[in-house]
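Look at the two complexes coming up: chain A is in both, with chain B in one and chain C in the other.
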Partner chain A sequence: MLRRIIPIAVIIVGFSVFPLVTNDNFFQNLTITILIFATFATAWNIAGGLTGLFSLGHGVMFAIGAYGAVLLSRDVGIPVLVAIPLSAVVASLVALLIGLMSLRLSGHYFALATLAFGAIGVVLLNNFADITGGDEGISIPFTPDPWGLVFQGKVPYLFLNLGVYVGTVLIFIALVRSKWGYRMRAIREDETTARSMGVSVLRTKLFAVSLSAFLSSIAGSMFAFYSLYITPENTASVSTSLEPALMSIIGGMGGVFGPLIGAILITLLQQQVITVIGAAVPGLANLIYGALLIVCILLIPKGLLGFLDQLRLSKRIAKKPAQPEEIPEPEKDLESV
Partner chain B sequence: MNAILEARGVDLQRGGLKILSDLNISIEEHKVTGIIGPNGAGKTSLFNVLSGFMRLNGGDVLFEGNSIVGLTPETICQRGIARTFQKVRGYPSLSVRENVLVGAVNRLPRHEAATLVDELIDRMDLEELADQPAEILSVGNRKRLEVARVLATGAKVVLLDEVMGGLVPTEVRQMMTLIASLKQHGITVVLIEHHMNAVMGISDHIYVIERGRNLADGPPAEIASNEAVIAAYLGKEYTDAEV
Partner chain C sequence: MLDVLILGLLAGGVLALVAMGLTLIFGVMDVVNFAHGEFVMLGMIVTATLTNAWGSSPYLVAPLVVLGSVPLGWIIFQLVIRPSLGKSLYVQVFATLGLGVVLQAIALIIFGPNTVAVNDPLASSRINLLGVSVELGRVIAFVVALVLFVVVWLVLDKSRLGQEIRAVAQDAGAARIVGVRVSRMYLIVFISGIALTVAAGALIVPFQAVTPASGLTFALVSFVVVVLGGFGSLMGALVGGLVVGVIQTAAGFYLGNEWSQGVLFLLFIIILLVRPSGLMGRTTADAVAGGR
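Take a look at the complex of A and B:
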């Protein structure tokens, strides 16, 4: 248990002390972005890392959170703090629906199906322009109101998103240790064996995608009220869908803190690409992600955290003295026919 | 006779191939039943039918008197039939303990599951490896882990598919003792095995299958001297050697 509590304490203290040390807008912005996407990637990881459902359509869940919370509060008049969980429930239901259609597929086929649902999400957002603002998206007016989650400075956003991230991580940890967590990991490792051991595969997968969608939607809402500008491109697009997957792969899928490590690396990389290259070469950022992904899959297939874990394990094994193996005597009468 | 699991006139067909034809078996409760036959006879397919992984084309499978045809493998397992796989499966990156926990935690409260798993790991002689990932286990340990996983599901009937394949003689003996002990724990065992001495030694009843059909069945001694079985499967050397 201590193994889990210490990193959480370090994260809370680290991210809390940070705004006190630096007043720099750039760094604060970077930290908030990391936390939002770490939440998103941790949520994705419930389906992708824990259950082995490699979704490439999570942008839709992120968009439901972003658009849902904004539209429900702006157009329907529901308080923001109610609109956010309400959108998350909608995202869960949508995930259940998509799940029922796609969860009988496995591996690449499931990934492709979710990619298609992601594309459908973008088309819907673009074409229901009366409600969603089409491809121009929605600008949320900057009128600071703590209950509307629009704040004057960046520090409240930082603590809000730190809270949401830590909450998501605690849910993830509780899940891993629960019977659902065991079922999910069993399915990820070997679906046939899981079924033979009485694990209800479809029910477990549906639970995984709906919980993952719920939390992804909350990350989407956080993104909307922080960036104050949402479009189909920055919420539902394929590149948004790819981000949590990429972050989890690079940081380490299946683990608790892999997505955070991935979110830190990818967000820093994004900023570097923008700062150094700017928009001079369009598409270059994607090229760099692609290259990074290939390098990671080839060199550290279990992600950065998985790699460190393996290093630790091999050191531990190296320390143990080798034990002579027992050599059984051959017995002819037990030979197989 | 008290049959807990019965296959009645089972037909199984895939493509143009008849895998099982009018196959009948009756598994007695708290006994060890061996299933033998040449490679390709349909033994594993029979397990696939009994555990719900393959839909049969005709006949019926009864468990505790009720038909289980059409049920999913997970439901059949929840009712009380669990199986191992000929080619060892499992959860490679989970620890040995977690591999076993999956079956236990799926049906029991956490603390009860943990106690059961500790007991099973102890019984299977896997304590030292409990926290190691299953992928590093040797064949012998993997086979015992398979048995532990199956027992964690709380099954009344366990279908063991060649759990002695690839084992060294000492491990075969250990596995035989283990299977015999299952009977004492009130578990019914169905065993597919090519280790003739092992299967003859621990089975109470043996079914011989050839080309998807019943060839013979009876107590081990009777099977060992059955002319048809010798011709189809055992070979003359076996009977000359002993039994």
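Take a look at the complex of A and C:
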């Protein structure tokens, strides 16, 4: 357990010291974006990495969080701090419903079904323009109010999102160590065997997607109140749905902190490419991004963290060639929490 | 009513061609190509740009574009597809998704974000088909799509090459034992799948404008067609394409264009729930697990 607390402490201290060292708007913005998407990616990882359900429709959950919190507080008059968990509950109910429909499918079919649900989400948001503002979206008025989660400076956002991220990670760690976590990994490794060992497959999967949706929705709410501008494109679209998956895969789906590493890399990449090359060559950022994805997935399918683990392993093997039976399982990553 | 049916069938024939490449690649190689829509987009945008630049007819440019897609398909096969064959599902899914992102970005860099359209007098002239006035371009696309469909069907069914491809599709290991060069079959199937998809794009562009972002819609529609017809079934792609074409046209006509996509995805989910192996699909392990 201590081994997991140390990185969390490092993360908390690292991100807290950050605003003291730099007053630079750009870096603070970068850090907050990283934290929001690290939360989203960690939430995705509960379904994708832990249970093996490669959802391509998580943008819908993100959008429910973003639109739900904003609409409930603006149109219904519910306080923001109540509206956020309320929309997260709605997101998990929607995930349960979608899950009941799509979780019987496996493999390609599940990925395709979630892609379709994501597309339906975009269609709904665009077509109910009276409520959602259509494809122009909603801009949230900038009236600083701590209880409305709209702050004057960037530092409160940083601490708020740091708190949300650390909370998500703690939930993730607790989950990995729980009965549910073992069931989820059993399903990921071999569904048939898990079923024959008495794991209730559908119930476990439903639990995984609804928890994942709950946390994704909170990430969506955080995004809405930070960016103050939400559209179907930046919340529900296919590219938003892919983002947490990419971050988890590039960082490493096996570990707790893979999604954070992925979020840091991808956000840096996106922002740096924009600042270095500017908008002069539109598409170049995406070109690098897609190429990186292909290279990562083909060369290091276990992500950066998995790759580092493998390097360590091969060193250890090289030291003790006489006892090959002591080679640790490469899949040990999550079990060792 | 009749005009909706005819327009729908015309659109459906082209959709069938769009989906044929996807289903061919899946049926033989067991790879769902998530970059599929981008190849339709590339076929459209390259044909349109060259047609406008040379002041030529899109139907003269199209064969060149399809020919040009062969080396592209070869490069992509060697760089992305071959390394991901036989790997776990998410490697394939995200490798082809990454490929889609790259292709779209390349199109954006080369052709810019603007809409490109072709104004071809031949394609936009109207003819009377069973009392319904339709653009000639749609009829040409439909007829060529059917011809290509029949050609692929004949090659697969009658020729020696087709026999080998079908053997690989049934059991790659057994095919290797009896002397079929499996990786060469994969290469052939992938390149011809891509060429067919690009050809579909070139046939669509005379009556439909294109931007580098158009690919996703085509990808989603072809997934619907292929899931409806049955993954890996050629006949399924044709039947699925015609059905989807009619449904999409009818939904656009009666409910308005903004809902036609929604209806399509709803149909998609209903099929996945009721009969994931599709109308004519062979029953794969995934589909069996889903049908339970």
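To be clear about the criterion, the second predicted complex is superposed on the first by the 316 of 337 C-alpha atoms of A that agree within 3 Å, B and C clash if a C-alpha of one lies under 4 Å from a C-alpha of the other, contacts with A are read in each partner's own complex, and residues count from 1 in each chain.
By our rule, a contact is a pair of C-beta atoms (placed from the backbone, for glycine too) under 8 Å apart; a residue touches a chain by one contact, two chains touch by 3 or more.
Because the structure is a prediction, the values reported are computed rather than measured.
S.K.: So, does A:Ala245 touch the first partner chain B, the second partner chain C, both, or neither?
M.R.: A:Ala245 sits against chain C, while chain B stays out of touch.
S.K.: Does chain B (first) or chain C (second) touch A:Pro301, or do both, or does neither?
M.R.: second
S.K.: Quick check on the superposed pair: does A:Ser102 touch chain B, chain C, both, or neither? Answer first, second, both or neither.
M.R.: Only chain C is touched by A:Ser102; chain B is not.
S.K.: In the overlaid three-chain picture, which partner chain does A:Val21 touch, first (chain B) or second (chain C), both, or neither?
M.R.: neither
S.K.: Quick one: is A:Phe54 in contact with chain B, with chain C, with both, or with neither? Answer first, second, both or neither.
M.R.: Touch partner of A:Phe54: chain C, not chain B.
S.K.: Contacts for A:Val76 in the overlay, against chain B (first) and chain C (second): which applies, first, second, both or neither?
M.R.: In the superposition, A:Val76 touches no partner, neither chain B nor chain C.
S.K.: With both structures fitted on chain A, tell me whether chain B or chain C touches more of chain A's residues.
M.R.: Comparing touch counts on chain A for chain B and chain C gives C.
S.K.: Does any part of chain A touch chain B in one structure and chain C in the other, and if so which residues?
M.R.: Correct list for chain A: none, the interfaces share no residue.
S.K.: Can you list the residues on chain A that touch chain B in the complex?
M.R.: That would be residues 179, 182-183, 185-186, 189-190, 192-201, 326, 328-331, 333-334, 336-337 of chain A.
S.K.: Looking at the complex, which residues from chain C come into contact with chain A?
M.R.: So the residues of chain C in touch with chain A come to 32, 79-80, 83-84, 87-91, 93-95, 97-102, 104-109, 112-113, 212, 216, 220, 223-224, 227, 231, 258-259, 261-262, 265-266, 268-269, 272-273, 276, 285-287, 289-290, 292.
S.K.: What part of chain B is in contact with chain A in the complex they form?
M.R.: 51, 53, 72-74, 77-78, 82-83, 85, 89-94, 98, 101-103, 105-107, 110, 149-150, 152-153, 165, 168-173, 194-198, 234-235, 238, 242
S.K.: In the complex of these two chains, what residues of chain A are touching chain C?
M.R.: Within the complex, chain A contacts chain C at residues 48, 54, 56, 101-102, 104-109, 111-113, 115-117, 119-120, 123-124, 126-127, 238, 242, 245-246, 249, 281-287, 289-294, 297-298, 301.
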